[in-house]
Amino acid sequence: MLLNLWQLLSEPFEFAFMVKALAVGILVGVVCAVLSCFITLKGWSLMGDAVSHAVLPGVVLAYLVGAPFGIGAFTFGLASVLLIGWVSARTPLRADAIIGIVFTAFFGVGLILVSKLPSLGEWTAANFGYTPPLLDVRSILFGNVLGISNGDIVQTVIAGGITLAIILLFRRDLLLFCFDPNHARAIGLNTGLLHYTLLALLALSTVAALQTIGIVLVVAMLVTPGAIAYMLTDRFGRMLALAVSASVISCIIGIYASYYLKASTGGCIVLAQALLFLLVLVVAPRRGLIARAWSTQRRNAASGAGQRPSVA
Amino acid sequence: MNETETAILVDRITVDYNGVVALHDAELRVPRGAICALVGMNGAGKSTLFKAIMGFLKPAGGRVLIEGQSVAQAQRKGRLAYMPQAEEVDWAFPVSVQDVVLMGRYGFMNILRTPRAIDKTKVTESLERVGMSDFRTRQIGELSGGQRKRAFLARALAQDARIMLLDEPFTGIDAKTEGAIVTLLRELRDDGYTIVICTHDLASLASFCDEVALINRTVLAYGPLETTFTPDNIARAYGGIFNHLVFDAGAGQAIPRQALAARARGTQPAADQLGGR
Amino acid sequence: MGIETIWLWFAAPFQYPFMRTALGVSAFVGVVCAVLSCYLVLKGWSLLGDALSHAVLPGVAFAYILGLPFALGAFVSGLAGALTIGWVKRNSRVKEDTVIGLVFTAFFALGLIVISMTPSTVHLTHILYGNVLGIEFDDLLQTLIAGSVALAVVGVLRRDLLLFCFDPNHARAIGLNTQFLYYTLLALLALTAVAALQAVGLILVVAMLITPGATGYLLTDRFTRMQLLAIGVAVISCILGVYLSFYLDASTGGCIVAVQALLFFGVMFLAPRRGLLVRARQRRSVRPASTQLRPVTEG
């Protein structure tokens, strides 16, 4: 029995593509988990969703001209948030509506480009002598880490590495910015810079996670680990550690599941994360369902025995 | 009053939000070493003025000077400390009391915000001064209303800023904490601090504030309490006189009777003497 | 270019039955979405619209596997997503926007897994990107039914829904069943998403559910006018989008959404009162210092 389990765990490692997938998956998991703590505390889940969708036209254009997809993605991701900021300063509309309008506009343009790829490819071939390779749209949208190329790995590592470095170095200022931007401004910090740094990090992490999990599900990586950790602790340091652990565990489980079930890798990773959250929701000490039901029961028993329940 | 004696100068500012003018031609001078109350109804521009002084928004016209410099310069030197309203704080944020107080020192620390010995000392001192040393490792959500105010007051103290702006500092706290905070504010004022308070509590401010500014789309009047906090001005700000403010018209000055008595005694009026709280 | 050429350009698509259907269906979907979009924008449910449209995927996948109408699967799945969001919110301290992101991606992931494990994916691509140019009769019927039911319900509950969006506490105080209104609005959202799936596809449904309402909001202060303007904007964008997609041979959903966005930005610049050009002109005119603005005298 134990031998079977060992075989189950080790078999994928015979394949180079699996080793690469696991390594990349873990890196992406770590990067997104760290960022996710800030994003969830700042209430930017929708922003994460928006930035990740807005990169599509950038990726397509990058492919057409032969540039690294990361550059196209980052440019358009940043452009979308700048546009969101610009519109929200000038209209009375609520933030969530503006974000929705802008990212769907970008994504719509992206879909137009995707649908015209063959003819656009011919156009660049005729005019610039450059024939873009075949673009697998599904891997952009839904990830394809099992088939990731070495060139893409390089971009992922660079984007992920920069993100991690910036976040960890400036984590105190970023945390202050998430907690109390007014105080940050009062003591002379450049809150505009912090705002756009965090957004740029969102765009970068999308670039990093693109190949692993795809555009549509990136927001899960940027939201769920933070949520899991938030259910378990009151201290930010521990929150970071827990988020990273949760993310790495789900990435590993997800990749394994995808290998054995022959199912979408991105889907498996995200579902694993969601199930982990559900588990934590139920069993978390103090904040989980079981813990709260138990303490309610104890309180009822205490008052039933004639003692006054103490004021919390 | 010359330049060096003026802590805050608001020079005819106008602020508009997306076409709606919230404040027009507002003028205010707060002298150094005074406690000044900003009063006015909700929506009348009180918090707008507050934000303009703090530099949280840029006026469309006019300017704000802090100790003779622009707000941006004052911010860079950390001359302004800010205490937020309770509603604006995310109490579920995973930071402890000492984390929050340390945030007051960020302006002095290096780019990576590594705390030095002096920063840690200041944090400890500030916590002691507000009586929160025992709670330093608690997450802020675990604190009572009064303790929460004191934690943020400690942050302002740790910042070593001589000008403090407090947004509704007395809302929702117990009498004991209120007394403690008022005492602390008086001590700071005597030390030369300038304190601006945004408040609704008309009845009690007369007992410890030196200056007041009445706001209704502009600064209707500002200056020392005795000459500014008059029935006329209050009527212009609020559209009438409240039931719980009783004026002693017999004396030459017109300030609430309870406050007059309290000043004569040198104490703060007891809670039951101040109706309408 | 003579007038005849323009007329030809305009009339050419009408020769094709599939184009006539496409124009009709997308205009219809545009109307339904626009009507609902006004409520969503006012209630601040834009993110929920995004979430619900993604949450329908597993339902659609299972419907195809079981041979059930896709609309049924989508509706059930979308509603399940909304209910799950509510449940998680009530039982955890996690903030609302985080919960929404978490739940809808979980549902979408489940849908992806199921799709990736089942061989036939043709119809499912249409669900993701829309397929109004090639819509089949069964799907057309489901779209029409879902949309009509949604319109009918909104027609009946118009005022109550508006009050619920504006001031749910007052609604409760005067005896309205706010729980019922809440779930009705959610169900309408799910129905509308189902209807819009065919026109623009799952990923872009949220655009149809936000942009028309937002555009209307920039143009007027009155709700009825807002709805009419939203409908107008939506119908124009759907028709123009389908035309564009026909002539460019490009993604229909993408074209519709792009046109909608352009209309929004156009309105943003040119709107009579709130538009940027008007406000720029206002700011340039100097306001005399002696202007006495009415002080606030009422609470």
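Order of writing sets the chain letters: A, B and C. Residues in each chain are counted from 1.
As a working rule, a residue touches a chain if its C-beta (ideal position, glycine included) is under 8 Å from a C-beta of that chain, and two chains touch if they have at least 3 such contacts.
These numbers were taken from a predicted model, which means no experiment stands behind them.
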| item | value |
| --- | --- |
| Chain pair bearing the highest count of C-beta contacts | A-C |
| Remotest chain, subunit A as reference, centres from CA atoms | B |
| Distance from the mean Cα position of subunit C to that of subunit B, given in whole angstrom | 46 |
| Subunit A and subunit B: spacing of chain centres that average the CA atoms, whole Å | 41 |
| For subunit A paired with subunit C, centre-to-centre distance based on mean C-alpha positions, whole Å | 25 |
| Junction residues of subunit A - those touching two or more other chains | 90-92, 230 |
| Where subunit C touches two or more other chains, by residue | 93, 274, 279 |
| Residues of subunit B touching at least two other chains | none |
| Residue ranges of subunit C in contact with subunit A within the complex | 41, 44, 46-47, 49-50, 54, 88, 91-95, 97-103, 105-106, 108-113, 115-117, 129, 203-204, 206-207, 209-211, 213-214, 217-218, 248-251, 253-258, 260-261, 264, 268, 274, 276, 279 |
| Touching residues (chain side subunit B, partner subunit A) in the complex | 18, 54-56, 75-78, 80-82, 84, 88-90, 93-96, 99, 103-104, 106-107, 111-113, 139, 141, 155, 159 |
| Subunit A residues within the subunit C interface of the complex | 40, 43-46, 48-49, 53, 87, 90-94, 96-102, 104-105, 107-112, 114-116, 119, 142, 216-217, 219-220, 222-224, 226-227, 230-231, 261-264, 266-271, 273-274, 277, 281, 287, 289 |
| Partner subunit B, residues of subunit A touching it in the complex | 41, 90-92, 169-170, 172-173, 175-176, 178-180, 182-189, 230, 233-236, 239 |
